[in-house]
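Both complexes shown next keep chain A, but they swap its partner, so chain B is in the first and chain C is in the second.
Right after this comes the complex of A and B.
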């Protein structure tokens, strides 16, 4: 549902069905909604069968990269004598994204169940849920849910009476965007500085504490119980874009739009309908100018591109951007694109872990130039310099934070060059410049 | 007699990988990084954060190279070689990437090379000159952080720091003393010091050498010399029996800095602060500048042609006792042992000791308790270690004090000597009683070899000139032996060493050439108990 708005008839509430339903938060209420039946079912299955069902469902990672979940799980080799870990990435820090927050606030037991099934399927003895430091309420809800689950014997040495051990722990991050990067998350979980690690080795080989680890997004894991209960075919059939993108997806919508909130639609839903129908279109008297559809690190779309987009992994790529985390940031005609992009760059500069030279220096440099242009102090060379810096920042660092900072700058200059040039040539009214003149 | 000199190790032959780097085919063991493999191919891949003595960080992104068929540039320090790889280090794409990194490293750098101690030996300066941009496109104000005292011998200049984290990794992974960290994020990041911690670890000074730029400076060396003013000489640290390979840096005949010289068999890339800062005695100005003989109850300067026969005259037919310094070279000790053999008598030495200080991250590397370079060599050449320099002296012996300042003697021991001959760089107290004083060079002023505690024989070179008429110890002793009728005739220290190698089975077969700059261990089976990696 378009929480906090009432569910729209064209939504497909699967994961978000209980958003706003206080009863579903506690264990008893959750059981009444059919909770933990999937875990019961899973524990009676062979782990390999679960992996096969998830593979068949076509479920792809909902954190941003869209890697097939079943395939990721099959990289784990249980029985190699090592400890195995499942990490749930609940460090939802991508600007514009707040779907995991709502999942944890309203259906914490859904995540506990998803983690338990995931851990059992990949042969992980321990699952960790790494929650963003600023998420105080979701953290409290998750801690309570895990406590309840242990007390009820759902987790622990004899999970749901199956004789199988499933452990889930909740860990609070310290509030760093970069800790949502999977290897930085592992460093942080280990008690180190949250710096991304060089890959290879990949987490499935040497992850948390140097042991084989699988890391999944909250939304990914929460989808698994539904797939187990209803079958892979149900999940695939739901989507308009099967078999490449399957199931439903939560989109967090914010910015200059009539009804911001979380919306769950099936893959392949028309983005135009989504923006104008479900979300109610632009605020009164305004028109949309641009959309950043997948969190701050994906390319900006013009409205022509956005209105032609099918909402799935491939659809967004076809229209020059990415599905990303599903954080839709809408920008209307009253906004200065340069100011918006400068703000995004400032975010990335603030959050750079400072390991790689191009990211540490490049994000800050980009921000300084962007803010200079914004303030009417730009020069004719600045755009070329920005593009050249962006080139140096792309594909050359350990993780993609540096690339993410370059993305809005490059797409912004490409698609809204006029706004940049107007500020540089001072043809735009600017209060500071007007006062000086 | 065993002829192998390197300790035999059970090494399984590693699988070899063939690849091409800059058009040069090279075959290296499996698991090696492209950066190291490139060294084998004679190609230096510019880098900052990588150091062979530290764990790989892969953060400076300077060593990005183009690997054919790879989707993007690869960090060569963190990418292992693969069969058939074709690597381009100087392709347009790799050069552009490095140029980009260099520009970014410089945007907040103060460009204060004219007042920076690192200038001239700075990798940021070198690579920028080599392939950086001529100008900067950066127009904004530069980041500023004040200079900070990191404790010990180390100053931190954050404005010059490139955050390569070599210092952090050295303290964490080699010194096992977590003092440094990266504080803050983004371009506010600096190297920080944990609350209440200082760089007081006995090996902490290495962070200054490891720093590729002028961010970590030695307080001791601060403003002493520009790097192009110094003369560098390969040597061996005389500070303790570990015998770390080092470089002596002199300016105008004064030692201004000692730094480690890489030697995998002894000290890898490191040197302790005790050894590093223990150089002021090398510059002492109160030196004996001329030979002296006793005339009218006082010492009077003379020339070598008078002093050597006078010393020989005093020794003729007398039993001798040699109080040798454990910092004498093998060559000098060998010639002294010949003197003892010729005249009858004995030789002994005493070693000052102090607390041991290991470097945990490197096997068998420590500041050793024995604070002298060549105690092992003295023992191998027949000198007896005692708690006093004169422990083995008999009544009536002619005492030869060789480079020893006799700080370690007991009351009344001196009275047993019938006559005293001093051979050394500094006048010891006992010179009041000397018949003859023969001035010599100290170990930075002559060439020779030391034997470290694991029995590794290493060469050291002459770093500066000896004052006045002082001569190398081996030369003085060789002349003295000749005056006593012995066959010597050495014109070079290598010849004295050759004679030593011919006479002593421990050193059999060794020459200066075979020792090279990393040394060789003494012959194994002659010396039970000596072994190990050093």
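Right after this comes the complex of A and C.
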């Protein structure tokens, strides 16, 4: 639901049904909502059956990459004599994204249950939930939920009386965007600097502590209990874009918009209706100029593109961007695009782990040049220089942070070139005049 | 090497360094060891405990952690400096982080920063006010973008802050 606003009739609140409901936070309240029935059911099944149901549901990773969850789980080979791990990525740091925060604040037991089912399905004895250090309230709620679950025998050596061991632990990060990258998260959990690792080996072969590991986003894991309870067909049927994109998705909406918040809609929902109807359109007296629909790392959309978009993995790609994490940043006509893109570049420069030269140097120089254009000190060559740096930053590094910094710059210059040129030529940019010309 | 000898090796602020991991905190550490296959995995959590107890992570604190986890102090320092949330020097009683990343930036976060610097008397980012009460810094995305502009005051998140609300928020602290 559009937390902190009342649910909109066109939303489909599955994961967000209890946002704002204090009664669902604790174990007793959660049980009254049907909590832990899915885990009970799962523990009576064969792990392979659970993986098959998740595969059939078409659930794809909600953290950004959209990889099919069931397939990811099937890469794990239980019974090979090694320890196995499940990591839950709760390092939600992508600018514009705040969905996992609300999942953990309002329904911490849903995540405990999702982790326990996931761990059991992939044959992992231990699951670690890595939560960013700034999330003090979600951390506290998750720790309390895990404690309650152990005390009630839901977790531990004899999970729900099944005779099977399931351990879930909460791990607190310490401030680093890059730790949301899966292998950086594993390094951080091991007590190292959060530098991403070269792949291969992939986590399913050598992940956390060098052992086979699966890593899933919070929203992905909390969808699993619903899929187990209602079936793969139910999950597919609610989507307007089945079978490629299935189920419902949480979108966090922020920036210049009348009703910012978390909205849950089915895959394939029209983005235009989403922005103007559910979220209330632009703030009074303003108009929308641009949208960054999937967190700061995805290409910027013009309104023309955004209004033609279907909200699913393929729909966003068709309109020149990506679904990403579902963090929708809306920018209105009062904002200078150059200033906003410069700020994004600064973010990536700050967060670069600095192990790859292209990223360390590229993010810093991009920021420097963007800021001088912003300040009216840009030169005619700057746009070409920026594009050349961006080219050298794309597809050449261990992880995609470098690419993510290049993305808003390249899409910004392509779609809002007039604003850049006006600042360089020290003229005033008139969008209407530019459209006529 | 014993803990007390570690402490005497470190000069500067901490010649009187008293170990953090005694009594309950020591028990907490022993329990923590059971959750991970390596002692090193306890590094971030133990550094958090040092900061909770002392308000920051000193070289002596790092040395204590290093010894407990069978690491070198240099390794621990390498990890501490990677992460933004460990304070490597003392900070004000109220450590105020303002999110100024783009989603908050388009909603006026810069004005909130200005109001905070003025009303706390800090004047500059990262500088502690003369009375030792406040340190204000800009922070990258607090993950509360729908509630722009969020502040984090020590462990407390305050949502939807405007420059007008700053005096009332500061008054509520003391």
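Here is the rule we use: the second predicted complex is superposed on the first by the 427 of 437 C-alpha atoms of A that agree within 3 Å, B and C clash if a C-alpha of one lies under 4 Å from a C-alpha of the other, contacts with A are read in each partner's own complex, and residues count from 1 in each chain.
The rule we apply is simple: a contact is a pair of C-beta atoms (placed from the backbone, for glycine too) under 8 Å apart; a residue touches a chain by one contact, two chains touch by 3 or more.
In this text, all values refer to a predicted model and were calculated from it rather than measured experimentally.
S.K.: Does the superposition put A:254 against chain B (first), chain C (second), both, or neither?
M.R.: Second partner only, chain C.
S.K.: So, does A:176 touch the first partner chain B, the second partner chain C, both, or neither?
M.R.: both
S.K.: Using the touch definition from the top, say if A:123 reaches chain B (first), chain C (second), both or neither.
M.R.: After superposing on A, A:123 lies clear of both chain B and chain C.
S.K.: Is chain A touched at more residues by chain B or by chain C?
M.R.: C
S.K.: In the superposed arrangement, does A:193 touch chain B (first), chain C (second), both or neither?
M.R.: Both partners.
S.K.: In the overlaid three-chain picture, which partner chain does A:381 touch, first (chain B) or second (chain C), both, or neither?
M.R.: The first partner, chain B, only.
S.K.: Which of the two partners, first being chain B and second being chain C, lies in contact with A:132: first, second, both, or neither?
M.R.: second
S.K.: After lining up the shared chain so the two structures overlap, which partner does A:396 touch, if you call chain B first and chain C second: first, second, both or neither?
M.R.: first
S.K.: Once the structures are superposed on A, label A:350 by its partner contacts, choosing first (chain B), second (chain C), both or neither.
M.R.: Touch status of A:350: both partners.
S.K.: Quick one: classify A:363 as touching chain B (first), chain C (second), both or neither.
M.R.: In the superposed model, A:363 contacts chain B only, not chain C.
S.K.: Which chain A residues are contacted by chain C in one complex and by chain B in the other?
M.R.: Touching chain B and chain C on chain A: residues 176, 193, 350-351, 353.
S.K.: Given the complex with chain B, which residues does chain A contribute to the contact?
M.R.: Touch list, chain A to chain B: 176, 178, 193, 198, 349-358, 360-365, 368-369, 372, 379, 381, 385, 388, 391-392, 395-398.
S.K.: Please output the residues of chain A touching chain C within their complex, sorted ascending.
M.R.: 4, 83, 92-98, 101, 132-137, 167, 169, 171-177, 188-194, 209, 252-256, 260-262, 292, 296, 327, 329, 331-332, 335, 340, 343-344, 347, 350-351, 353
S.K.: In the complex, go through chain B and note every residue touching chain A.
M.R.: For chain B paired with chain A, touching residues are 56-62, 64, 72-73, 75, 78, 97, 100-101, 103-105, 107-108, 137-140, 162-163, 181-182, 184-189.
S.K.: In their complex, what parts of chain C are in touch with chain A?
M.R.: That would be residues 35, 37-38, 40-45, 47-48, 69, 71, 78-79, 82-86, 97, 100-103, 105-107, 139-148, 152, 155-157 of chain C.
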